[in-house]
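Multiple structures are listed underneath, in structure tokens.
Heads up, the next two complexes both have subunit A, just with different partners, subunit B and then subunit C.
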Partner chain A sequence: MDKTKTSTDGSSKKEKKHHKKQSKDGQLEANLAENEVSHGCKKEIVNKTNNDATTGTVAQKLSEKELRRIEWEKKLESQKGITVTSNDQSVGQQPSEKELRRLEWEKKLQEQKAGDTGKETLSKAEIKAKRREQQEAQRQAKLAAENAKNAAENVKKVAATTPIKDPGKGLGKVEKKLDFPKKETKKTTDVHKVQLVQHLYAEMPQKKVSKLLVYNNIHPAFVKLGSQYLNKTILGSNARTLALMAALKHLIIDIQTPPKQELCRHLETVLQTCTNHLQNCRPFAVSMVNALRNFKLHLTQVDTNLKDSEKKAKLQDVIDVYIHDDIYKAGDAISLKVKEKISDGDVILIYGCSSLLKKILVDAHKEGKKFKVIVADSRPLLEGKEMLRRLVVAKIECTYIFLNAVSYVMNSVTKVLLGAHALLTNGYVMSRIGTAQVALVAKAYNKPVLVCCETYKFSERVQTDSFVYNEIGDPDLLSKIPNTEDPSPLSKWKENNKLTPLNLLYDVTPPDFVTAVVTEIAILPCTSVPVVLRINAIENT
Partner chain B sequence: MDGAKVREFFCKIIREDEDVSVGVAAIRTLMEIIKHSKSETVQELETNLKDGINVMKNTDYPVTAINSGCELFLRFITLAALDTRCFSDCKKIMLDRGHLFIKKLDEARGKIVKLASKFIEDGSKVLTHSRSRVVLQALRKAHKQNKRFEVFVTISAPDNSGKQMCKELQAEGIPCTLILDSAVGYIMEQVHFIMVGAEGVVESGGIVNKVGSYTMAVCAKEMKKPFYVLTESFKFSRLFPLGQQDLPEEYKYTSSVRKNSDLKKVHPLVDYTPPAYITLLFTDLGILTPSAVSDELIKLYL
Partner chain C sequence: MPEIESLSDISRLISDIQHKKFTRSYDIALRTEELLQELISKGHWKSAKELMNLVKTRIQLVRENLPQEATAPNIMRHILKVIREEYQSASKKKDEGQSLHELVTSTPSNVLDYSDSLINLRSSILDHLTEYKVELESSSDNIAAQALEHIHTNEIILTVGKSNTVEKFLKRAAKDRIFNVIVVEGAPLYAGHTMAASLAKSNIQTTVIADSAVFAMMSRVNKVIIGTHTVLANGGLRAASGIHAVALAAKHYSVPVMVLSHMYKFCPIYVGSHNHEAFNVCASPANVIPYAFGPILDKIEVNNPVYDYVPPELVTLFISHQGGNSPSYVYRLLSELYHQDDYDI
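And now, the complex of A and B:
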């Protein structure tokens, strides 16, 4: 606040000074006017009026001079009595108005004398006509000169300031506006969409629609969950899966079988509507898809002869076991494995926020391992801040950097730990956008990259780029700069059809950049994902 | 069997039979322990075996092969123990399986040699490192197939095992040149491929082998020469080193060295060659790419 105050004070002072200058001397002002056009906007407005006035008078003076000279020359021609030298002198010295008038007067007197004494006597009417002609010529010359002067002045102003006053261009703009509005309204759906990821926009959650929805047959727990997903209050695949499982448990408790129906079949249909609603809020994470698939598999296997309460208990048990085994125990196992790989004096680079990584680092720290952590972060979500907070609370020595400084710190890093959103069959790692860059830099510096990922995040999909399957986040987040009062220069991107911010949420890291994947089964190379998937599939059936 | 006996038995096997690798010797010793064990429960037997493994690890033979061989053997046994009721039955099954296992191991080398000898073509120049029984047999086999080829062997400091390798090759009548360890780069441009053995194959598909293998592999990669590894599948171990520093100390130094001296000043025995530098692995399971090693390990242990 103080800063802004002082700055306004400063500007007002300047203005005062400026006014003083103006009052000093008109002539000087006219010379200065050009320079001052390039100063601040406020000054310019003040100047402009002044400028116009001063330049106007200058133009008049100049034109007067010129005109008189012309007049004079004419008179000289008609009256060869006066020497040429005096003419040159007068032009060179730029005679004052008084002198000029005197000369003129003298000329006129001489003319009259000549007229009186000369052979060709002119009648008064003829003289008057001549004078009228002269005056007419004078007026036209004056106008021409003034126009020229104004044009020159205009060009200067245009050069210094942005607005274009050229009438021709202005007209063009108006015409365009008149021509295009219809087309623009049609195009608005396509505008601000990147061609390469057109297919992803369809999955984008639409905030307005979701507010108006009537939540028919959707359990309140899922409605709440949906809005939490939508507003990104629940972030990270583990957290999202846990929340989904919790909502599922609520649903199982509250569900009542309609007459002449079986609980599990009924639950299946209800679950379908609920998950559809969630999908509309935000596309499912791979981990959520896998968790749901596991639940549905068990749903079909429940003994139909049991009572409803027993079925419910069984289903809840399924969920509890899944959460306990595939998420928590897997995390513990991974933590144990990574701990072996962390040695004293290590500098570990992590990127973004991951519940699993936090657990690993805190566990290793508790074990007494002495290591430093560098948290790399990136806009727009700035998840790294949360990670940093959690690590600092655990009293781990941390450094916080942005993604663009990764190559700078990589030299001092000994290991890179990364979380993952999913592991794909071809060994590619799908994770928070920016992860691929970190892995790439690490590879370039020959640092080992460990991706920590529970096997329930393994996916059967194959993907070699981040366009086929991805998620588009709120593009407004890119144009907003947090913690600043100044509006972002990109804040009005919607008005510019040529400007399209693209906020992708995930990217894929090729297996070449990843040294190993730490799973609860073992530390594996990326390429072993299909084997693990095959084994898991065999175990499940 | 107490510790001293186990040690004696183990060392005797290695001393008497030149052609037996340390891993196989370890497995034979474990079989012997089972045979003489007086234990009445599976649990007790397992602790007996583990004691025996520790004794073997503390000898001055390379630990890498002992580790992987024993781990695999124990896995073999725990699986066997699950489907029997009476302990004596269980023990019998273990011994039967053990014999089967050893038989399979003995066949392994023959399979590898058969696979690898096809890759040695007429007129080729082969570079090898240190002394490896499998490589030696593969070269021998190729020579017997009347293929004409030339072999370069590194001296392989500090134990100069390359000298012995060279002698053995020359005894077979294979043209062989002994080169300096530091001449690997010099010789690389004229050889056609590299064939080495391995003390252990790790989860990543990389190998742990006599120090100098890594240098050779990096050099080969740069010169675009294929780097072949000949190894038995019992040497596969569930270890994932991230780099040379991450390799267990017991692999890099013998037990006596580990006890006595400052490790920074002792030369390591082995180094780790990452999978990126290995073209193919010839094993009794077939010819594998490095990434297939992990698949096989998952199949074995999960």
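And now, the complex of A and C:
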């Protein structure tokens, strides 16, 4: 989501009161009733550029039941004599998106502090009363949004951005965001879901939902990262891990410890909500899980007697060391090892895009090795094009083919180099879909297959097929044919219940196709994964 | 010169194939058959030998101009055999090599020269050809009729790209059985999209996957059913590129690979590997990488082969209108289709 705007509702005094209370108690409320977190309406991020579409989805989401409730609310509202108007004048005066998020974040921290001090004094009855108040406010907010939507239909540029003015305090602007209950009343239909991988659809991020995600307690860096993962602008295990680490550093810099709490404990809970958000955007890569685990381990080991600033410095140091040692230095070591294996006149087949492979090949080329590279690529991601571009810029002689031509070129190939998403304990290599097929053809022609993989991508998971754990990409990517203007016969697949494009993201390559795995430790057979994991575990404790 | 005059028919066919007026092998087969029927009924020939020479020059012309084209020469080769048979029955002379004993001892005693001019030869050959035409026309129906012998309920069947024979076969089976089909899209032509849309219209549960997902999906596939461009003499295939990897994946998971093929796709040529000169052609790279890709295009090489060689050990079964046969039996089918002496034209 690139352009976001705050959205609020009417400007009646009473309603504002509700809102203020509600935001004050937001944290408390969330603690008290976790199930109702989604009701803790605070903000709604509306894609401004896509305003009409968004309101459309909003309307879709309002089930009949909700509509009835809204009607009832309207009645209630009229009894109270509240008029809800939408203010559309100050659209242009909004601070930039980033500032907004920062402000929001800081405000929340302050509220949290206030909330924490007042926590003990609240009796049960008071809490109940507050919750009731809040629910009321929430209903009104929803109604307001509904009205705003109606207004938006009339005035096209309403843009659902209507900041409240607070005459009581004269604060000018208070950012209030509103959201709708996230409990989707979506019927799970089996239409357009491939039977074999039913379970994977549950994890699939829903594009529609993403536009209305609740960004409660989530650091802006993570919000941004989430959308980057979702839109696949950050792709590849290494890139994703590095981006996660960078966001984590931002979080550490910005975090403020609430009174009576310890920084690391607080960070842990905040981090949890942030990572949950990321998980909703796209399931974690194995490398990210491992990197996070390492960070959390260090988080528990930080000396509690240190000052906050010292702790922060220490934690940042942990991240820097991890990036430097486990990712960059490991890459250097692997590059050195593979270089020994590349000789003049080699024809190296690679598949897709891998930052590590690019580094290896460019390093070897700089060394003066004379070799040719064949880049195999496949739809729907066509990552190989990016790889091709990078290699050609480095002046490496390249051939580009689609996956179907692998058999055609395999005779002339001398080595196959592959990247990996993860190495599983049973020796299987989890990688971009298509990798297994390249390895299979290489095996049929008796060509050596080297998988290059840092040890931080080793996983304790075991898997023998590509269905149990996998990710499903956007099926629409398959129904479009690149480079042509004529629509594919598949373009209307949604209209035919019998037709389903399936876009899996990963596959697993059996160890018998892999000659060796090149890691920073050594060149190993696939079956040595558990050994490396065991040794690493011993070293870390 | 009347010689050139008479060759205009085949030249037109060659140019039509070159300009992709006929893309389906069935159309080419029918056209070739009609062409020869006309040649036999209207051509200037007096003996079987002369007629055979006329046909042979046409086969040679096609092979020179279209080294990858197999259907047209195969049809003509089969008609050569028809001519030989009709000549033998008309002249009441027997050719060598029919009985098992003669096969083993192999003493060529009475070689026929086909030079006698026989009165009824023209009409008997034409009769035979009409029969052959009916056989051609009903071939895909006959193949489709066997569908229920090969597809059981709730199967998952994988197919690649588009083949009219396979399409008919699956649709026939769908009338009586419920099963799933996985269609591999077959980049860079994406014929699989058309195939999938057509199958789904016939109420078959269809899943479309990219070429890259073949290995991942193969572990759950019950059968691979594909069409082919040519069946080679050793039982191997010249099929659309990408099928070799599919067949390898099927072999890895022990999934049977069934190849639906008309008889005219069986070709008495041995080709050993992918890189055989006469074996493969490369299509325009524009389908793989667009011309708009930028200045990098000058510095790279792009390959876009059209065919794949699939060795016979990766094929489980050939299904023609005569029924199923294993790759090891292809040599025998060939000797039934064509005369030994016509293999190397």
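Everything that follows uses one rule, which is that the second predicted complex is superposed on the first by the 353 of 541 C-alpha atoms of A that agree within 3 Å, B and C clash if a C-alpha of one lies under 4 Å from a C-alpha of the other, contacts with A are read in each partner's own complex, and residues count from 1 in each chain.
Operating definition for what follows: a contact is a pair of C-beta atoms (placed from the backbone, for glycine too) under 8 Å apart; a residue touches a chain by one contact, two chains touch by 3 or more.
Treat the numbers as computed from the prediction; the structure is a model and nothing was measured.
Chemist: Does the superposition put A:N411 against subunit B (first), subunit C (second), both, or neither?
Modeler: Only subunit C is touched by A:N411; subunit B is not.
Chemist: Based on the superposed arrangement, let me know which partner A:A246 touches: subunit B (first), subunit C (second), both, or neither?
Modeler: neither
Chemist: Going by the contact rule set out at the top, does A:T500 touch subunit B (first), subunit C (second), both, or neither?
Modeler: A:T500 sits against subunit C, while subunit B stays out of touch.
Chemist: Using the touch criterion from the header, give the chain among subunit B and subunit C with more contacted residues in subunit A.
Modeler: If we count touched residues of subunit A for both partners, the winner is C.
Chemist: Does subunit B (first) or subunit C (second) touch A:L388, or do both, or does neither?
Modeler: It touches subunit C, and subunit B stays clear.
Chemist: Mind working out whether A:I523 is in touch with subunit B, subunit C, both or neither, as first, second, both or neither?
Modeler: So A:I523 only meets subunit B here.
Chemist: Considering only the touch criterion stated at the top, classify A:C398 as touching first (subunit B), second (subunit C), both, or neither.
Modeler: After superposition on chain A, A:C398 lies in contact with subunit C alone.
Chemist: Check subunit A for residues that touch subunit B in one structure and subunit C in the other, and list them.
Modeler: No residue of subunit A touches both subunit B and subunit C.
Chemist: Touching residues of subunit C toward subunit A in the complex: what are they?
Modeler: Going through subunit C, the ones touching subunit A are 180, 185-188, 190, 193-194, 196-198, 200-201, 203-217, 219-220, 240-242, 244-245, 248-249, 252, 273-275, 280, 286-290, 292-293, 296, 299-305, 308-309.
Chemist: Residue numbers of subunit B touching subunit A in their complex, please.
Modeler: Against subunit A, the touching part of subunit B is residues 203-205, 238, 240, 242-243, 245-246, 275, 291, 294-295, 297-299, 301-302.
Chemist: Could you list, by residue number, the parts of subunit A that touch subunit C in their complex?
Modeler: That would be residues 194-196, 378-380, 385, 388-389, 392, 398-409, 411, 432-434, 436-437, 440-441, 444, 465-467, 470, 478-479, 481-483, 488-490, 493, 496, 498-504, 507-508 of subunit A.
Chemist: Would you mind writing out the residues of subunit A in touch with subunit B in their complex?
Modeler: Spelled out, the residues of subunit A in touch with subunit B are 341, 343, 415, 448, 450, 515-516, 521-525, 527-528, 531-532, 535.
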